[in-house]
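Shown below is the structure under consideration.
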Amino acid sequence: MRRATLILVPYLWLLALFLVPFLIVLKISLSDTALAIPPYTPTLDFSTGWQGFKDFWAELDLENFEFLTTDDLYWKAYLSSLKIAIIATLFTLLVGYPIAYGMANAPDHWRPTLMMLVILPFWTSFLIRVYSWMGILSNEGYLNQFLLGTGLISEPLTILNTNTAVYIGIVYTYLPFMILPIYSALERLDASLLEAAEDLGCSRLTAFWLVTVPLSKNGIIAGCFLVFIPTLGEFVIPSLLGGSKTLMIGKVLWEEFFNNRDWPVASAVAVILLLILIIPIILFQRNEQKQREIDG
Amino acid sequence: MGQTVFEPWNDPDAKPLIQFKNVTKRFGDFVAIDNQSFDIYEQEFFALLGPSGCGKTTMMRMLAGFETPTEGTILLGGQDIAPIPPNKRAVNMMFQSYALFPHLSIWENIAFGLKRDSMPKDQIDARVAEMLKLTRLEQFAKRKPHQCSGGQRQRVALARSLAKAPKLLLLDEPLGALDAKLRQDTQFELMDIQEKTGTTFVIVTHDQEEAMTVASRVAVMDHGKIIQADTPARIYEMPSSVYVADFIGDVTIISGTATPSGDGYDIAFAEGQPDLRAKSDIQLSKGQSCHLAIRPEKVSITAEKPSDAANALQGKILDIAYLGNLSTYHVELSTGQVVKSQTANTRRLSRRSFTWEDEVWLSWTDTAGVLLKE
Amino acid sequence: MRRLTWFNTTALTLGFAFLYLPMLILIVYSFNSSKLVTVWAGFSTKWYGELLQNEAFLNAAWVTLKVAVISSTFATVLGTMGALVLVRAGRFAGRTLFSGMIYAPLVMPEVITGLSLLLLFIGIGLDRGVFTIVLAHTTFSMCYVSVVVSSRLVSFDRSLEEAALDLGCSPMEAFRLVTLPIIAPAVISGWLLAFTLSLDDLVIASFTAGPSATTLPMKIWSSVRLGVSPEINALSTLMIGIVAIGVITASLITKRATLRQQAEERAAVKA
């Protein structure tokens, strides 16, 4: 009896507030736009009974999805999101790996502090962290002031409101997600493996490629997914740091919903985004599973 | 015997493979190796034996190239190896943790060093096959290290370090991770492989039995110094110091003052006890303090006082350690000194002749003990 | 054997400079007296003063705090239950769906979570406001709590609970007297995580808030869209300061508590 209560309370909660809303999104994505409140048809009318349900069912169609394929704004936005997410993930890896490597090779008594310093930004407001770059990257910003001051450039660089700013923002905010899994993989690396590789004829650099990198592979994969997955649906960063030309699907969805009030199309955009996300999510789960098997 | 005796260290013409010349290694203020000079010859199985922290691992890591001497030089085949980085040395090491690459198969682990030398593919295949055969791992070539038992992993580590046919193989506590029974079998296997390949082995261990079993010479180390380096038999029977006598095997140490007499000495060690008699080559002046080290198996235990023994002492049995094949008696003299005596249990289930609190006589010949200076 | 080579030192220095310099600049310029945020015109705390006069910000902060406290408390209760179900309840019909629903919100884009909840609230005719934000925040943060608590439960030695039952506790008492105190650090860090997630959330709150309630991130959002402002710098500094102090204290406390409890648990099991 108690066990049933224990299961049912969180179960029903999640059904009602996670699964059902998602089914509603799915349903609305198959509906038509209407100038009404709510701004879509059909609505399920239980008063007409079974016939009402059949009518409702018959009116659902894939029209919105067809619309997404005809208007090139959408598929361009998907492609551009993918592109930005992939490039940003690679940049984050390039920045994060050396930091994780440095942490793993730091003296033992430093490491808890370094860990703390990596995690701390994660607890501070995401919005503020993105915002902090606006002042740095703008035309009159601190970076341009610094570069002009040192005489490296004579004209201010335009960085804010470009894709470059978006990349910087993503690398900055998601860096801890990249560092932590790689660090935990590197920290477990047995130093004698590197000595063995050197003993067998490797230089430091080949030992790094042949031993350190393959043995931190799972950490790298986990870190990349942890950055890639949330980046794909990112809204705040492209809106604040990106320009009008920065196309990201999270931003399109927001605008479709709030500015155009086109709920069915917004829902269809969301459904497709989820379908795209399922692949990396499954791959990520597999990688985690594999890691657990090796550890276990 | 004659020609088959392998004793290059007694041959003045033999060229040593490795020479340590006044080598000192310091880590900050800590002196790990204190001004040591010694030679290791080709095809030797040389053991560095000592408690943890005695400097034996530092010695080995300097040979491998992971540490450089603070002072002095190490020569390999007459050449100073200090400027040669570990990856360029004709020296390979078998790590204590084995350090097998977990992401590579057994085959790839063994081939790892060969590939670094950009050896042709078919030669690598042949060499790895040879190594797999030598270590009886043929069926396991495709497995990953974590799919192997401890004994198999140990053999993979050995095969990997031998694959490049190094002039010198270093073994860091190679059997430490194995259980007692497997360790014994592996010791003989290790000797066998050393003989087959003719490689010079240097083994680091804290297990004296292991060192005595496998090595042609054992170097007993303490506090960064080699106290004695000699064959296992000489280390055991002719220790050069109290430390070595005590570190290797079981021993009773009796301290006293010597008086020269005939070809030996009389040693007075306690009031009311007869002087002990020992033959020795060492030079002691009258009244100089000394130590007599006696192995328990050289001390006889009897109920009656033996008439013809050079040394005979009376005491009371304090403890009996029954080890199956042997029994060790701890006998306390009236002065409180405890002397150990060991007898073989040659008869099964025979009634023990002695038990606790029995008054017994201990006796040994004048050559049984080793006389040592302070 | 670990050493800091020049490479590691450089990587760490540049890495942490990158992580902390932007926030440092923000903090420094919050004390700038000029309205032009990129030009330093002398030290002043006037923006803090103006911030504290700003009714809209204060109201939004109050709403955010209310939402965060309530939603993280609900999320902790529900999330701990969820963790117990995941680790302890064994097999039951729909278990796969359940664990899917626990893990999915962690990777779900916020825009989708927000959109779907909004459509639900409209569908059932719920008036949007503080209540709907609380519902939304509770739902996604309970999943984080579940993950944190279940990872602690997995490493929990069940023989302790069995011992309690053996000594005459009812299952409920065993949970209350043995399990709960031991997993408490994880539950607390779950609550803290839920609390910060709620404080931090812009997207889901924007979808589910409706016109009657505005949270602090929403207020900041509408202000920063227009560009950098000294008032926001001051607000950011306050928030960073509070979080830094909070996190450092909390991590010290939980670290000590976890260490102590693990040692106690180990000793109890071994003895």
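Per-chain numbering from 1; labels A, B and C assigned in written order.
Throughout what follows, contacts are C-beta pairs under 8 Å (C-beta built on N, C-alpha and C of every residue); 3 or more make two chains touch, one makes a residue touch a chain.
Predicted model only: the values in this text are computed from it and were never measured.
Steps from subunit B to subunit C, minimised over paths through touching chains, total 2. Between A-C and A-B, more C-beta contact pairs join the chains of A-C. Per-chain Cα centroids separate subunit A from subunit B by 60 Å. Mean C-alpha position of subunit A lies 18 Å from that of subunit C.
Shared interface positions of subunit C, defined as residues touching 2 or more other chains, are absent. The touching residues of subunit A, when paired with subunit B in their complex, are 190, 192-193, 195-203, 206, 210-211, 214-215, 217, 294. Within the complex formed with subunit A, the residues of subunit B that make contact are 64-66, 85-88, 91-93, 95-97, 99, 101-103, 112-113, 116-117, 146, 160-161, 164.
Across the interface of their complex, subunit A is touched by residues 1-5, 7-9, 11-12, 15-16, 18-20, 22-23, 25-26, 29, 37-38, 78-79, 81-82, 84-85, 89, 92, 94, 97-98, 101-102, 104-105, 107-112, 115-117, 119-120, 122-123, 135-136, 138-139, 142, 146, 171-172, 196, 199-200, 202-203, 207, 217, 220-221, 224-225, 227-228, 232-233, 236, 239-240, 243-244, 246-248, 251 of subunit C. The residues of subunit A lying in touch with subunit C in their complex are 2-3, 6-7, 9-11, 13-15, 17-22, 24-25, 28, 38, 95, 98-99, 101-103, 105-108, 114, 116-121, 123-129, 131-136, 138, 140-142, 145, 172, 175, 191, 229-230, 232-236, 239-240, 250, 253-254, 257, 263, 266-267, 270, 273-274, 277, 281, 284.
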